[in-house]
Each structure stands twice: as structure tokens, then as C-alpha cells.
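Letters are used for the chains, namely A, B and C, taken in the order the chains are written, and counting of residues starts over at 1 for each.
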């Protein structure tokens, strides 16, 4: 059960209401009025909690769980332990997400500008935004409705932040325009100069970086992730992108809509990702590439060429995933002294 | 010699006292009363300094060193330059550690809450803790005895920090419970939401992350490292773990006792490391794995399967180390146009 | 055109003046008096803007650009669209850099110590330095002429910062000496303890790290990069080094002059890079290596041995680049069921 020092669930919700929220079916004989007070992992859930089963690795945990209800695929129904109510959904994870969000909704912030925040007199703060202790807001910056600037964050001059955003503790933003419902995690660095210099006989000459970072609606930027501003063009993060922790996004990179960028990925300058690209953890993409719509890049892959839409890639240097798997098998066989067939 | 702007050594200590501290043997004829004032690298140490030799790469440096004393393996004794006192230990590095800690002990902080810190009225601070300038302490948070919160760090509501801890400058902690003698380096991010969302036809649905981060005693968390809180279960860091800089630890990861996680490692969600696992720099572990007790993962390895206790792994995808070395050799021979034997 | 919320160009400059600044030749019949007001990417530049063409990938963009002037190699002159003035340079990128720097020079900061900064009474601040809101300056620290400490940065006791430096928002510095014209990006962590401990039967014994970080003139340190102080020797960053974001530099590492370290590189303890080494993104170097002058390490390479001066390396474990390419080709052929010739 969620630690009450940190979380306060809404509810309780009846089974009928949960099915409605989750867009899930109920099993015959379900007790529609039965009430539930929270969500919990199947291992530790008790009779008042709702859990979920999505990953087959955890079927045994499901079979022995004491959870009062569980979101599962219909095919798993007959493995459920006695007494467990079932919320049947073809895609249990988004169904569970809707239930968990009902118990733990994001709430509007308490509007307040901390007396220890430093806000430039020309900054424009919406009346219902929140600026916490030690935050800095520079000249001409704009903070939208119900947006929160957490403690010790730094918002530089001219930055525009839309509505319902959160900028995490100790994050810093400059030279950027941020849409609505954007969540920036603690320590993220957005809008600093890119790594732009020309090497000459006089040494490395820094080149002024006169673009911006433009972040569209519904984006998340992970903790300690760095996004450099463009050198002249902008660096662009498309609507609905999810970017994990410790990711590096270089100047002029463009991400389409709904991309998923897992932790510690690095994307070099001027590379363009079309919509719905997925890059696994620690993958690296060199500069000036075009990554086709819906390409999936495996963890630790090193992408050095453009990719085809909808295709999977892996390895370093990256190749189409099937080829990568063949290489892996061929190398193992070679090392074992076997032939390739 | 350590720069006096930054370090003030204790001492001097006699050779006899150093041998006692280090649990080291002395060579016949050692001058027990000879005094030493500091520790220093063998390259630059003078007659009043104590150095050490652990890595064979540096034997030549040892032979030419002017250090007054040196911690070495007994087998090296006959290579010592004339006039150098020897502290003989089978394991020179921990022996040297004990001597260096005598010269440079960690001292209790000066208790003080900076007038520019912002501390919620419901936070519970021990009377001998230290809270520096610009730090923020949220509602209900607890800071233990002799613990220090460095400048501009952010401790969110409900966080519990034990005794003799240090939270570095500009670090941020939320939704976490921290044991005793835990050192959190500058810029570390602990307890933010994990990268948890369900992809549906409505886009990426964020899933409330209602677990915590639980950190046991004697842990170190490196600079700019990120540790996400659990999604329902907790993220757990076991007693005595040493975590380097820029490491990513995802939600629900569990580390056993005494694990060593080198810089830039990434550990994906729900993976469990048993005790004393060592992960080399930039290694990546995918999610939902079980890493056996004492497994050693090579730098840059990409672990995609469970590992056996006590075994070494390398490569991407990772395989047992012997196999990895065979693969490396076989590929080099293949590229050179040679056979596999 | 650069967003006026963030950038205010100098100028206008005549074509003759731009040629002089860039040390570029003009084409016959050039309109020497024609004036230009800013720089812009070739895609979006209009008749008053100056662009550049360096990468062949963008020749088509050049041919269709509406830019009033463009810095290009002489060989490209005949592909220019009608009406475009040409600034001809064998190396267009540094030539463009000089023009862009004329439009967007770095200007001296407005001298001021924010009333919300916390500055120790024994710190020595030059009269024309700038210390922004929420910054902390510890006992005995020194800040040179025209140097800026951005908002919420932390400069610990004894740190020395030269002239014309910038320390970014939320960065933290301790135990370090910084030269002139050094730029430290937001969230960088410099001078904390290295990852130094000895493993013994009593657990992991932390070893006091009594060295410093010494950074020479004209260095850039990227956002959220971490540089640990030496254990006894110093960690040293040579003059003119360019270090990108999220780089890890461990204790006792030494970088020669003019090294280029791309994002997410990790360099392990005591490794020495000679002058002008280039390390590509996500490359990893193990400890105690000597990397020869001008060595070039490919992205994602894993260097485990010393390298020869002037040579290129790639792969993990890294080998000379030619060998790496042969391995890549040989493995692809093997996987395709073909021979090695």
C-alpha cells in the first residue's frame, strides 16, 4: 500500500466504477458493488487493492496473489486465484493506468510565489501558477496557468512555459519555448549552447548558437537529461514524446510526435526522428541522420545511417535487427568452432 | 602534498602508529619513532609522506620514489629504494585507506541551519544537523543527527534521512527513505517518477508511481546519478552499495548489499541484483532480470538475460566472459583472413 | 532569424567587412557595400542573412537557398543560386564562426552581486564579477574579473576561478582551480570525491581523495558533466579542451591541450590523454591508460589498451579503425553465409 507520507489515494471505487474507468469487462458473477481503496503490486496487494498482470514473467505471482481485483487479459482468467475479481482487458497496462490515475490523480498546484523565489519584475506569471523556494525567473519569462516551478529551478530570460507544466527541482531552462502539460524532471538542462565550434589554427572557435529549444505539448523530459538549443535552426521535441533520464539531445535535433527515448540515449546534432521512433537505453545516433517513422532502435545500438520506417535495428554499428541477430548467432558459433549452418 | 586551501591533515603519526592503523608489518630495522605528516602519490611524495603501491603498472615509480614510507605487498620489499620505510600488507589498498583516513578523517559538521535555507515548519531536524544556504526542506521531512544538507539541495516532503549522512549541493530527493552514513553526491536525483506509461490509442498514458526509494546504511550515490522511485513496489539500494556518477537506476530495481556500480551504468526497471554484484562502466542491464550474487559485468556489456552467481559476463549482448573473449579473438582472426584455430 | 526574445544581433555589416572578418575571398563582381543584418540556416535565410555550407549533405539546400550571402568552398561557387553573394573559404566553418561571432559577440556581464546570493565574508570577488540569485560562494573562494556565477550555482570554499569565466546555473564546484575564459555549463559537477574505496573484509572503505581538479584556460565543460577530483594527484583538464554534456571524468585523469570529448563519454581513473585526442560520443576508456597524441576514438568504442599517436580506433574492445571496419565487414559476410573474401 502506498506510503501515506508520500501518497493519499482518492476513492474508494466500486468494481463497477473501476470497470468503467478501465474500459474493461467483468467476469460473470462479479460483485459490482465491492469497493477498493488503492492499487498495489500483486506480490503485496491485499483484498482491498487492485493489481495488474501484463508481463508473463509474473504469472506465478498472479496465481498466488491475494489482490482483491486484477486487470488481466481474458485468456488468463482461468488461472486467477479464488476470490479475486477480474477486470478483463486486451491491453491490461493502459487499462490499469486509467484505474491508477483515478486513485492518484495529478492535482492542481497550490498557487503561490515563494517569498524566497527571485522573480524579475518583467516576468509574466499567471495568477494560478506556483513558484517555489529559491526558484529564479528571468526578465520577460512567462509561466502559464497552473504551472509549477519547483524549488531552486532556474528559468532564464524570455523562456515561455505553457499551462499545467511542472519544472522539477534544480532544473534549468534557457532559450526555449515549452507547450502545455509538459513535465520536466529534476536537474534537466534545456536550452544551453550546443557543442558548436570550428577547429582552426587558432584553436577551437566557439560558434554562437542562435536557435532555441521548442517543446510541444504533453512531453516528458527525464531527470538530468540535457537538450541543447539549436545553432540557428531550432532543436524540436514533438508532441507526446517521452524522454527518460540522462539522455543527451544535441543542437538542431528534431523529434517527431510520440517518440520514446529511453535512459542514457545520445542523439547527435541535426539528426531528425520521425514520429513514434523508439530508442532503447544507451543507444547512440550519429549526426545528420533521418530516422524513419516508427523505427525501433535496440538498447546500446550505434546508428550511423538513416533508418527505414517501421524497421527494427540493433548492434554497433547498427544493422537491421534480423541481421544483427544473425550476426550474434554466427559469431557465437564461430567462437565455439562450429560452422555457420 | 594536499593543497592547504582544501585539506588540513591530522597527525603527525609515527611509523609504529601507522603500522598499527594499517594492520601492516614492518621490515626489520624499521625506525618506529619516525614521524609522517601526510599521504601523497609516490611520484611526488617526499620524506615526510606515506604512499602506496597496489597496481603493478607503477613499480618503476615505486623504485624511484622519494616517499618516506610506502604500503606495499611483502613480495615487493626488495625493490624499495634505500631509506624508504615499508608498511607490508597483503592487501595494500585497504591498508593505505586506513592510514589516509587517519590523516583525513571525516569530521562532524558544524551544526547550523542557514538563515537562507527554507525549512517547512513541520520538518523535524535533529539539533546537531546542518542545513546550508538555499537548501529546501519540505513538510514532515526528517533529518538525522550530524547529517548535512549542502547548499541548494532540495529535500521534499516526507523524506526521511538518517544519521551522519551528507546530501550534496544541488541534489534533489523526494519519496525516499535514507539510512545512516549515506553520502549522496552533488546533483543526484532520487525519488522522482519512474519512466512509467502505457501506450494506448490515446497516446502515452502516464501511470502514477506510488512506490518509494529505500536506501540502506553506508551507501554512496554518485554525482548526477538518477534513481527513480518504484511504481508500486519500492526501488531498493542495499547496505554498503557504491554507486558512481551518472548512473541510471530505474523504478523497482533492487540492489543487494555491497554492489559496485561504476559510472554511466544503466539498470532498467524491475531488475534485481543480488549481493556483491559489480557492474563496469557504461554497462546496461535490461528490465526484469535477476543478476546472481557476485556476478561481475564488464564495462559496456549489454545484459539481456539472468546471470549465474559468481560468474563474469561481457559483450553486447552479454555472454559469459570466456565466451566473450573467444568471440573477440575469433572475430579478429576472421577479419585477418585466418581460420579459427 | 534569431528570436529577439533571446538574441540581439550587432551589425549590420557590409559584404566587404564580412569578407575581412571571415578571411574569405569574394567572387568577381561582388557588391562590397551590400549590408547584412544576421546569420541564419540556409533553409530559412532571407536576402539580409549570411549562411554557410560545410557538409555535402546539404548541397541541395544551398542550391535553393534565398540567403543573401553564403560562406562556401571555392569549388562550390558555380552551384550558387543567382543573386547570392559568396564568401569563399577553404574552411567554411571557422570562417562562418568568425562572422557569427561578430553578429553575436559575447559581452561583458553586468557587474552585480545579487542580494539573494550567499557569499562568505572571506571570499574574494573581483569588483566587476557577477554573482546571480541564490548562488553560494564559500570561504576563501576567489572569483576573477568579469566572471559570472549563474543563479543557484555553488562555489565551495577555497575554489579559485579566473577571469572571463561563466559557471552555469545549478552547477557545483569544489576543490578546484579554474583558469581564464572557462565556460562551465549548467549542472556540471566538478571537484567532488572520486569513486575511491578499498574493498576489504570490513566492507568498502572510502579513501580520502586529497587531490584537486585543475582546469586550464579556454576550456568548456558541458551540462551535467562530472569531473571528480584527484585522489592525491590532481585531475587535470588541459588548455582549450572542449567537453560535451554528460561526460564522466574520473579521479586523476589528465587531458592534454585541445582534446574534444563528445557527450556521454566516460574516462576511468588515472587515464592520461595527450594533446588533441578526440573521443566520440559514448566512448569508454578504462583506467590507467595512455592515449597517444591526436588519437581519434570512435563513438561507442571501448578502449582497454594504450593507443598510438595519430591513430584511429573503434569497436568494443577497441582496435585500430581499419581492423574494426574489417571486423564489421567480415561479421556481416559471415552472418550472410558468405566467405571472408
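Brief remarks follow.
Here is the rule we use: contacts are C-beta pairs under 8 Å (C-beta built on N, C-alpha and C of every residue); 3 or more make two chains touch, one makes a residue touch a chain.
Computed from a predicted model, the values in this text were never measured in an experiment.
By the residue-number overlap criterion, the interface of subunit B with subunit C counts as different, with under half of its numbers used by both chains. Superposition on CA atoms relates subunit A and subunit B by a rotation of 120 degrees, given as a multiple of 5.
Work out the mean CA point of subunit B and of subunit C, and you get 28 Å between them. Within subunit C, the positions touching two or more other chains are listed as 116, 134, 152, 170, 187, 224, 246, 264, 282, 300, 316, 331, 334.
Taken in their complex, subunit B has these residues touching subunit C: 2-3, 5-7, 39-41, 43-44, 55, 57, 91, 93-94, 96-98, 100-101, 103-104, 114, 116, 132-134, 150-152, 168-170, 185-187, 218, 220, 222-224, 240, 242, 244-246, 258, 260, 262-264, 281-282, 299-300, 316, 328, 331-332, 334-337. Of all residues in subunit A, those touching subunit C in their complex are 116, 118, 134, 136, 140, 152, 154, 156-158, 160, 170-172, 174-175, 187, 189, 192-193, 195, 197-200, 202-208, 210-212, 224, 226, 228, 231-233, 246, 248, 250, 264, 266, 268, 282, 284, 286, 288, 300, 302, 316-317, 319, 323, 326-327, 329-331, 334, 340-341.
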